[in-house]
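Next up: some structures, all given as structure tokens.
Here come two complexes built around chain A, the first alongside chain B, the second alongside chain C.
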Partner chain A sequence: MRLSLSAVEWHSGSWKFDADGVFTPGIHLISGRVGSGKTTLALLSSRLLRPDAGRVEYDGIGSRTLSFQHPEYHVTGSTLGEEAGSYGVDPSAACVRAGLAGREGEDPFRLSRGELKRFQLACILMRTWDLIILDEPFSALDCQGKLAICQSIQENRSSIVLVITHEQHILPRTDYLWEMRSGRLFGLGSLPGALSLWESAPGSVRMLREQGITPANLTRDDLMEAVCMMHG
Partner chain B sequence: MIEIKDLRFRALTIPSLMIFDGTTAVIGENGSGKTTLLRLLAGLFRPESGSVKVDGVNPVPGTTGFVDEYPDRNVLFSQVADELAAPLRFRHIPCSEVDCRVKEAAATIGFGDRLNQTMDTLSGGEHVLIALLSALITCPETLVLDEFDSHLDYDSLQLADALIAGSGARTVIRCTQNMELAARCDKIVVLHHGAVLHEGRPEEVFSELEPGCCYPLSWRARR
Partner chain C sequence: MHDARIRLVSLVSLSIATFLSIAGATLTMAWLFLSPLTLKETVKSAAFLGVLVFVGIVAVVTQLSGNDGASYFIRTGVILLLAFSVYREWYPGEYLDLSVWLFGTKAGFDIGIAVEMSIQGLHEISREFARIRKAILLKGMKLEFRLIPALGFLLIHTHLMRARDQADLLAIRGFRSGGSCCPVFRTSKRDITMGILAILILSLSFIPVRDIFILQI
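So, the complex of A and B:
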């Protein structure tokens, strides 16, 4: 199973996106400066956007999903129950998983943004997908919510999971690191080696690099372990 | 200075809270009432009972610089230039001065040559940078920032923080889930189920929250 982007180009005015890359099962973390093309990559990879040139090919991928950066873009139902139903998941179970037990009758827009994000991610991750694309899944989540989503992401390691994020502190165990730089996709490689090449690294990784320490991976436990190494 | 007394609004109940000049972080789990509190501080909501006073008077929308957590909700106009100019035009600032200040502001985030771009072509992070500039362009005394940082990468966040620090705002209240940012503020207010659970200097508040997942990693590193 694999997702291939072959000489993909997309243009918006004078801005150009281009990407070559192959995504296989595992967790792929993609970061980059604001406006570097991360969401464009998500839309092209999910085939919601058609490239101006090149090909986006699915090999063995039967099901796919995309979680938008803004959870409010997903809302189609007037209650959480209806909303869960639109994803084909059990409303009660979705509410429990999102920490909103018993609130199936509530209007999604009465939730806080973080609660809505948790609910929308719960609905997506309760099903099995071959290709999962998560655009800023940690935005608006509290730290417990981020840890829970990391756990859910790691449970889907047999799928192709693209995690596009600016998150600075709580990240999933990552198999492969990518970076968008001014519209171009760069594959940095597997961890921990790729960490030294990461231009848009979060503050925690920068802090460790400045001390000459490379964490084994990006989970909170990995970063804590690396901090312990700072103290010998 | 902001003074809250006997405040009740929806699920939020705050008998007493003082926020002094400087930077205050409002933190707490999802649904704890952070956005509701910030909207009250910005004058976008009125208390059902009790009072919120900013420098002794009720906050008035438009006088406080405000950035919404939903990037799209900050947008009024279709073009970057109009979005930045709007707060100045609403104050009847002369057109020549508006143009000058818009160009200066745009240049600070590298948007000098993108003023004619339409807002719908910007990324989520670019949206919040423009929203921040719009909030700063009138040089407000009070800034209320609702978790805009979650849309920004590390370097853009450093840039945004420099703009805020250089804005001259006396009181900055920012909601965040980034505990490293909260740790750099003068004061932290922790909300829990619509009430203030802790308040104080970062050292005091994080000592109460340890060893939870929100304890700043950089503080563990300096031990």
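So, the complex of A and C:
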């Protein structure tokens, strides 16, 4: 099972996006500055946007989904129960997983954006997909919410999971690191080796690199362990 | 066309000319053909086609009830085409400049900022609609009639949220009424030519056709 982007190009005015890369099962973290083309990559990879040139190929991928940064766009039901039903998941289980137990009859727009985001991600991650694309999954979430989403993402390691984010503090255990730089996709490789090539690395990773320490991965535990090494 | 002042004068002149007669509508159509790229993009716009279909239905009903439905369709169709084409050439800040130039930094600024925010809101709605359509496709659903209330509610909800944020932002910045703005307009030779043509078309539309052409039946 793999997702291939072959000489993909897309233009918007003078801005140009181009990408070449192969995504296999595992967790792919794609970072980059605001406006670097992360959402465009998400739309092209989910085939919701047609490239101007090149090909986006699915090999063995039967089901795919994309979570937008703003959870409101996904709402089609007038209650959380209906909303969970539209994803084909059990409403009460989805509410429990999102920390909203017993609120199946509530209007989705009565929730805060963070609650709605948690609920929408819970609905998506409760199903099995071959390709999961999460555009800014950590936005609007508090620390606990981010950790819970990291856990759910890690449970889907057998799928191809694209985590597109500029989150700097709480990240899932990552298999492959990618970076968008001014509209161009760069494959940095697998961890921990890729960390030395990461231009938009979080401050903690940069600080460790300066001390000559490479964390094993990007989870909070990995970073803590690396910091402990720094202090002997 | 770059200069918003000339564009506004052209829009008003050509709308009146089109409303007055079929000859005015024909000449306005010819004026629109002078900007073929904008016209081509407008004709392809789903929003324009949607409104045109609605106008077409009204025209058919008018014709069937014994009135001049064809004339209504042609004139309203050209006015719509004109409005959509002019709207397509809008760039952010233009109506603020125009309004301040026309009415000054007090009332003009307030009117301008309200118009700018409304137009930006329309642009946002169009972008949001595209995103919502994609989200619906991802759920394996089709954009069908029963989803329209949910979609409408969602668009209103996001619009209200944005309006609240903008209102808060203006309040935090201390906005009460009026403001300073130095309007800047870029005027090309083409703008002037197009503006003169528009005024000429308006003048011609006041003259009966038989005074220009010798018609023999």
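Everything below uses one rule, namely that the second predicted complex is superposed on the first by the 232 of 232 C-alpha atoms of A that agree within 3 Å, B and C clash if a C-alpha of one lies under 4 Å from a C-alpha of the other, contacts with A are read in each partner's own complex, and residues count from 1 in each chain.
The working rule: contacts are C-beta pairs under 8 Å (C-beta built on N, C-alpha and C of every residue); 3 or more make two chains touch, one makes a residue touch a chain.
For clarity, every value in this text was computed on a predicted model and none was experimentally measured.
Trainee: Following superposition onto chain A, is the placement of chain B relative to chain C best described as a clash or a fit?
Mentor: Once both complexes are aligned on chain A, chain B and chain C clash.
Trainee: Of chain B and chain C, which one contacts the greater number of residues in chain A?
Mentor: Higher number of touched chain A residues: B.
Trainee: In the overlaid three-chain picture, which partner chain does A:S86 touch, first (chain B) or second (chain C), both, or neither?
Mentor: After superposition on chain A, A:S86 lies in contact with chain C alone.
Trainee: Quick one: classify A:G102 as touching chain B (first), chain C (second), both or neither.
Mentor: So A:G102 meets neither chain B nor chain C here.
Trainee: Check the residue A:H169 against both partner chains and state whether it touches chain B (first), chain C (second), both, or neither.
Mentor: A:H169 contacts chain B only, not chain C.
Trainee: In the superposed arrangement, does A:G114 touch chain B (first), chain C (second), both or neither?
Mentor: Only chain B; A:G114 stays clear of chain C.
Trainee: Is A:G212 contacted by the first partner chain B, the second partner chain C, both or neither?
Mentor: Neither partner.
Trainee: Looking at the overlay, what does A:L48 touch: chain B (first), chain C (second), both, or neither?
Mentor: second
Trainee: With the two structures laid over each other on chain A, which partner does A:E72 touch: chain B (first), chain C (second), both, or neither?
Mentor: both
Trainee: What stretch of chain C clashes with chain B when the complexes are fitted on chain A: 23-31, 59-67, 77-85 or 167-175?
Mentor: 167-175
Trainee: Mind sorting out which residues of chain A both chain B and chain C touch, each in its own complex?
Mentor: 70, 72
Trainee: Per the contact definition, I'd like the list of chain B residues that touch chain A in the complex.
Mentor: Touch residues, chain B against chain A: 28-31, 34-35, 69-72, 117, 121-126, 129, 147, 150-157, 177-180, 212-214, 217-218, 220-221, 223.
Trainee: Considering only the defined contacts, which chain A positions touch chain B in the complex?
Mentor: Against chain B, chain A makes touches at 12-13, 31-36, 38-39, 69-70, 72, 99, 111-115, 117-118, 136, 138-147, 166, 168-170, 200-204, 206-207, 211, 220, 223-224, 227, 230-231.
Trainee: Okay, in this complex, where on chain A does chain C touch?
Mentor: Of all residues in chain A, those touching chain C are 43, 46, 48, 65-66, 68, 70, 72-78, 86-87, 109.
Trainee: Can you check the complex and tell me which residues of chain C touch chain A?
Mentor: 128, 131-132, 134-139, 141, 147, 150, 153-154, 157-158
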